[in-house]
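Both complexes shown next keep subunit A, but they swap its partner, so subunit B is in the first and subunit C is in the second.
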Partner chain A sequence: MEVEKFRYDNQIVRLFLFATIGWALTGFIFGLWIALQLPFPGFNISEAFTFGRMRPLHTNAVIFAFVGNGIFLGYYYSAQRLLKTRNYSDLLSRIHFWGWQLIIVAAAITLLMGYTTSKEYAELEWPIDIAIAIVWVVWGVNMIGTIMKRREKHMYVAIWFYISTFITVAVLHIVNSLEIPATLFKSYSIYAGVQDALVQWWYGHNAVAFFLTTPVLGLMYYYLPKAAERPVYSYKLSIIHFWALIFIYIWAGPHHLLYSSTPDWAQALGTVFSIMLIAPSWGGMLNGLLTLRGAWDKVRTDPVLKFFVVAVTAYGMATFEGPMLSIKSVNALSHFTDWTIAHVHVGALGWNGFMLYGIIYWLTPRLYGTQLFSRKLANAHFWLGTLGILFYVIPIYWAGITQGLMWKQFTADGVLQYPNFLETVLQLIPMYVLRVVGGTLYLTGAIIGLYNTYRTMRAGRFIPEVEAEAPPLRAVHAGEDATYWGHRWIESRPVQFIILAFVAIAIGSAIGNIPMFVIQSNIPTIASVKPYTPLEVEGRDIYIREGCVGCHSQMIRPFRSETERYGEYSKAGEYVYDHPFLWGSKRTGPDLLRVGRKYPDAWHFNHMYDPTSMSPGSIMPPYPWLIEDQLDYESLPAKISALRSVGVPYPAGYEEKAIADLKTQAEAIAANLAAGGITTTWDREIIALIAYLQRLGTDIKAE
Partner chain B sequence: MFKSLLDFSSYESLGAVATVLFFAIFLAVIVLVFRMKTSHVTRMENLPLQNDDESSTATKEQE
Partner chain C sequence: MYVMFVLIGFSLLVALIFLGVFIWAVRSGQYEDQYTPSVRALFDDEKRVHDTSDTSSKHDTQEHRSTD
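Moving on to the complex of A and B:
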């Protein structure tokens, strides 16, 4: 039989290996830093390094820098070998690598500078969004090109997961990032309020599904059998769980919006499909664990398998907990608390982190033609990481349940037992300190991992290319019966496979989102709700810039415990001019939807200058620069124009009048502050922020 | 027309439609899977193990 010789490209694998290890430490260090900021607010050291700006940096660094590079690391090694061909284009591989790193660096810089859309895991502003789309397509073209020139007719399950990742993330990113630019680094989402929330959490949930889950499952299906030296437990199970997973996952986004102002039908869909998700998720988990049948003795000695076992177990735990959190009665307690934070860290530290470290320990010796420098150090990494996960999540679960219960606790007289929100926060400080211990242990393990891989590299010699040989596709399958049908048929037809995978994710996406845009009754309008004034627009942009949404929600759920604490529950019609929506997902501070006119202007001024002056013991960082910095309203006409183009009904030509209106309102606030003994000028940023805060929730507030 | 198709009462049946749709596809996949030839399944299960340009990860400590 004719045999072709070719070479696998290890250089692109090595580049992503370096990036994965490096960005992992960056993401963990930022995570540890923001963990310190909660019990010790002094760690908010400057404008750029406050919790509000650093939290999205941490999440982006871990998701897109650490896990993203790890996915590409694992993909570039495994895809070549599963398809028996070199990557389609070395040039595209390099553009993919360097483009992705540039995006990460740009993300880090812009987020610290306060350029953010505020949409979780989609915070980056529009120029970077475009760059992400381009680089993602570069990867996709390279992947599809590689598949097309393969020498293995049937695509293995790992390749299906890579394909579904590419297609779905492209769709999610493009649809969720549709925005109208006002300036080079400021844009407004084309969606508003409830619609924006639904699109964002369709994206946000499926960023977890199709960035943190499906590609990592693809890696699991390659590296776990390799490490165990056993074939995958059940190929049939992999087929069933793959199609079920990608079909169901896409529907589940609205479970992030239970008890919110989104319509009940959307919430019900989110709950139903989230619970159904247990089956395909556990299909993957069981397939992973059962691949170790007959090889469990190796788990005792092989650190790679140890990492994999804990990773797959964490995946099983997180994918059981997720559906439970989607049950409304559980969500009523868990939502907006640290419970969610603990849940995602089981996934991120356990499933993603440990899968990738297992792969790093398996790959590095092979890339360098040597042996792992130290199994003892790898074991130390494993145990420090495992203990780190436990020390992280147990106190944070405790914190979440504690705070959720305290928010809901009434006295025998029927009033809130803990009416001061701060009291429910201070109760959690010991748990926050314990979390720092957990994070430190995990980071220490990662540093040991860095040293171990470095010494492994030093001990060996990098193998940039590996010679391989395989018969060409036509020679292998020349005499094969072409009449077979069923799944085997689709496994050998990448174009049809891609179309079918797209259909699978498009059904849920369409049914979950389109009704929100075509049926008016989904968002009942409220006549008294008006667009923000120019000064309030500027104030809202400062609120977004400082990442206030990371700690403060603007969504009062219809529970007595919330209406007693905050006021009237939220209505969908209140948010029709909110581009983007700012409902938030975590309350480290209280909800702010009805904060308008609750306190005098002077209270807000003093509170932003030094939160402890108004709330003794507060862990909120101070924002003195808002008092000093001049409000930049030069781009206000462009902002008004951009907002009008996304549907806010500012009258034609209002751009010319907007600055004058801004000044009038700002002078009134400055005069009000002066009457309270505070001297400032109308053109300070704090004035705009006060204007926005004082407006919140007042459109339907009874006088 | 599209609006009227979607405008059924409170979207209560959307969950049921979606669930039925899922189970229909799920059953179809089950049928396809159980009609697969064992030889093909076995070959695919072993696919990751075919490329063995890699050496052992065993460390000196293990040896």
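Moving on to the complex of A and C:
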């Protein structure tokens, strides 16, 4: 049989290697910084670097910059070798790489500037959303093209994980990011309230599933057997758990909304599927660990395998914990507390972080034709990282359970034992300090890793192209596989293939517009709930810009402990004009849904200027610029019109009147503040924010 | 809550795509052999496999750069 010669592209692998190592450190440093901000609010150094703006920067940097580049790093090396072909197109590989890096840089800049949609892990504004969709499709076309021209008929299980990642993330990203732009960097989600929450957590949960799990499992199935130098424990199990995992994962999203105003049946659906998920998840974990049977002696000495063992163990723990947290009675305690934060960090630091560092240590010497510079330093990285994870998660689990219990504690007389929310926060400060220790250890390990990989690169010489040879696929199949004709046809026609791929995407986008029509027919439900006034719209946008939703929920669950503390529990109909919804997922500060008319305007003014003046000991950052900065209401007409097009019933032509209405309401608040001895002018940002806060939850308060 | 039906629709769409791919995979014989692929993945078909246990592995990499 004729053997074909071809070359593997190592340069694209190296590019993603650099990006992975670099963005890892960036993500960790921002994580450490925001961890410092909680016990030491002085680390909120300026407008751009407050907790509210930096938290999404940290999550996006870790998920999409560190893990994202790590996935592509592992993918580009393994896919070429598993499919026995060079990547479909070197140009697409480069567009993929540089496009992804540009998106990350744009994300960092815009998030710090306060341009955010506020939807978790989908914070980036619409121009960047479009860029993400394009670059993602570039990767997909490149991947499917590579699969089409492969020389190995059987697609190894890792390839299946990569395919499912591409397909699902594309659909999730497009559906969740449907928004109507008001300005270049401001858009409103087409969904409102409950609907937006359901879409967001359908996306959010599956981002965990198909961005942080399936691709990394694909990497596990390539790199773990490679490093252990033995085949995966059960190939059959890998296939079964792959299909089971992807079919079940997509239904589990509503477990993020237990006890919220979402329909019970949706919550039950989320719970049931989440519990079922333990089977395919543990199938993967056990398959990974059992691959090491007979190779545990290697784990003692090989740092790569050490990283993999802890990573897979962390995966097992996180995927046991996930189903457990999806049980309503457990979720009642854990939700809105640090428990969730600890849970995701077992996943991020343990599973994702350690898988990727294992891969980095395995790949770097191979790309540079040398050995790892120092096994000792790699071991030091491993132990610092492992200790770092423990020092992070144990105090944070402790913090979560402590706070959850304190929120629910009643005295014998039937009143809340800790009615002052701040008391339950200050209780956690020692745990927050310990978390900083954990983060520092983990970061130190990563810096050692940077040095070690740098020295490895210096010691070797980069091998940009690797020659390989394999028989062509066609010869194998000629005449013996009738079902193969369609595949062969497209294999030799890259142009037709790209057209077909774009047609598929276009159909997907068209379907993506359907929700809009469906949803507009379903707006008002509570008669007293009215759209926000123009000033409140501006105030809400400031609330979104400053990332208030990162620490304050707007969702009062139907528990006595919550209605006692905050007031009447949330109703679905209250949120019908919330584009986007702002329910939040973490209460570092109290819920704000019923904060409207609870305090005088002057209280909010002083509190935003210096939170400790109103709540001594508060760890909330001060927002002095809101008092000085002039409210930019120039884009108000565009905002009103964008909101109308997503279904908020502003009367026709209201754009013309909106600014006058804004001014009237702002002047009233300024006059009210002046009566309280505070001199300001009506056109400051603080006035709009006060207007919004005083409106919150009041629509049904009067009833 | 109508959006739930939309989401279920999209989830079903994704699931149906996967189902189609699954049926294709089974019918085209992807899973007829459930053992050798796991072993095959371990072997590199690169012309010269880099032996990382070799301390003097800083060989001449020129040959990799030569054109074909």
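One rule holds in what follows: the second predicted complex is superposed on the first by the 652 of 703 C-alpha atoms of A that agree within 3 Å, B and C clash if a C-alpha of one lies under 4 Å from a C-alpha of the other, contacts with A are read in each partner's own complex, and residues count from 1 in each chain.
We take it that contacts are C-beta pairs under 8 Å (C-beta built on N, C-alpha and C of every residue); 3 or more make two chains touch, one makes a residue touch a chain.
Everything quoted here is computed from the prediction, not taken from an experiment.
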Check the residue A:Tyr235 against both partner chains and state whether it touches subunit B (first), subunit C (second), both, or neither.
both
State whether A:Ala412 touches subunit B only (first), subunit C only (second), both chains, or neither.
neither
By the touch definition at the top of the document, which applies to A:Pro365: first (subunit B), second (subunit C), both, or neither?
both
With the two structures laid over each other on chain A, which partner does A:Val171 touch: subunit B (first), subunit C (second), both, or neither?
second
Taking the superposition on A as described, I'd like to know which of subunit B and subunit C A:Ala527 touches: first, second, both or neither.
neither
Using the touch definition from the top, say if A:Gly460 reaches subunit B (first), subunit C (second), both or neither.
second
Using the touch definition from the top, say if A:Gln195 reaches subunit B (first), subunit C (second), both or neither.
second
Which of the two partners, first being subunit B and second being subunit C, lies in contact with A:Ala652: first, second, both, or neither?
neither
Shared contact residues on subunit A, subunit B side and subunit C side combined as an intersection?
8, 81-82, 84, 152, 154, 156-158, 222, 225-226, 229, 231-232, 235-236, 239, 243, 247, 251, 263, 266, 365-366, 369, 371-372, 466-468, 484, 487, 511, 514-515, 518-519
Listed in rising order, the residues of subunit C that touch subunit A in the complex are 1-7, 10-11, 13-15, 17-18, 21-22, 25, 27-31, 33-35, 37-42, 44-48, 50, 52-55, 57-59, 61, 64-65, 68
Can you list the residues on subunit B that touch subunit A in the complex?
2-3, 6-7, 10-12, 14-15, 17-19, 21-22, 25-26, 29-30, 32-37, 40-42, 44-49, 51, 53-62
In their complex, what parts of subunit A are in touch with subunit B?
8, 78, 81-82, 84, 152, 154, 156-158, 221-222, 225-227, 229, 231-232, 234-236, 239-240, 243-244, 247-248, 251, 263-266, 268-269, 272-273, 276, 301-302, 304, 361-362, 365-366, 369, 371-376, 466-468, 484, 486-488, 491, 504, 507-508, 511, 514-515, 518-519
Could you pull out which subunit A residues touch subunit C in their complex?
5, 7-8, 81-82, 84, 152-158, 160, 163-164, 167-168, 171, 175, 191, 194-195, 198-199, 202, 222, 225-226, 229-232, 235-236, 238-239, 243, 246-247, 250-251, 253, 262-263, 266, 365-366, 369-372, 459-470, 481, 483-484, 487, 511, 514-515, 518-519, 521-522, 572
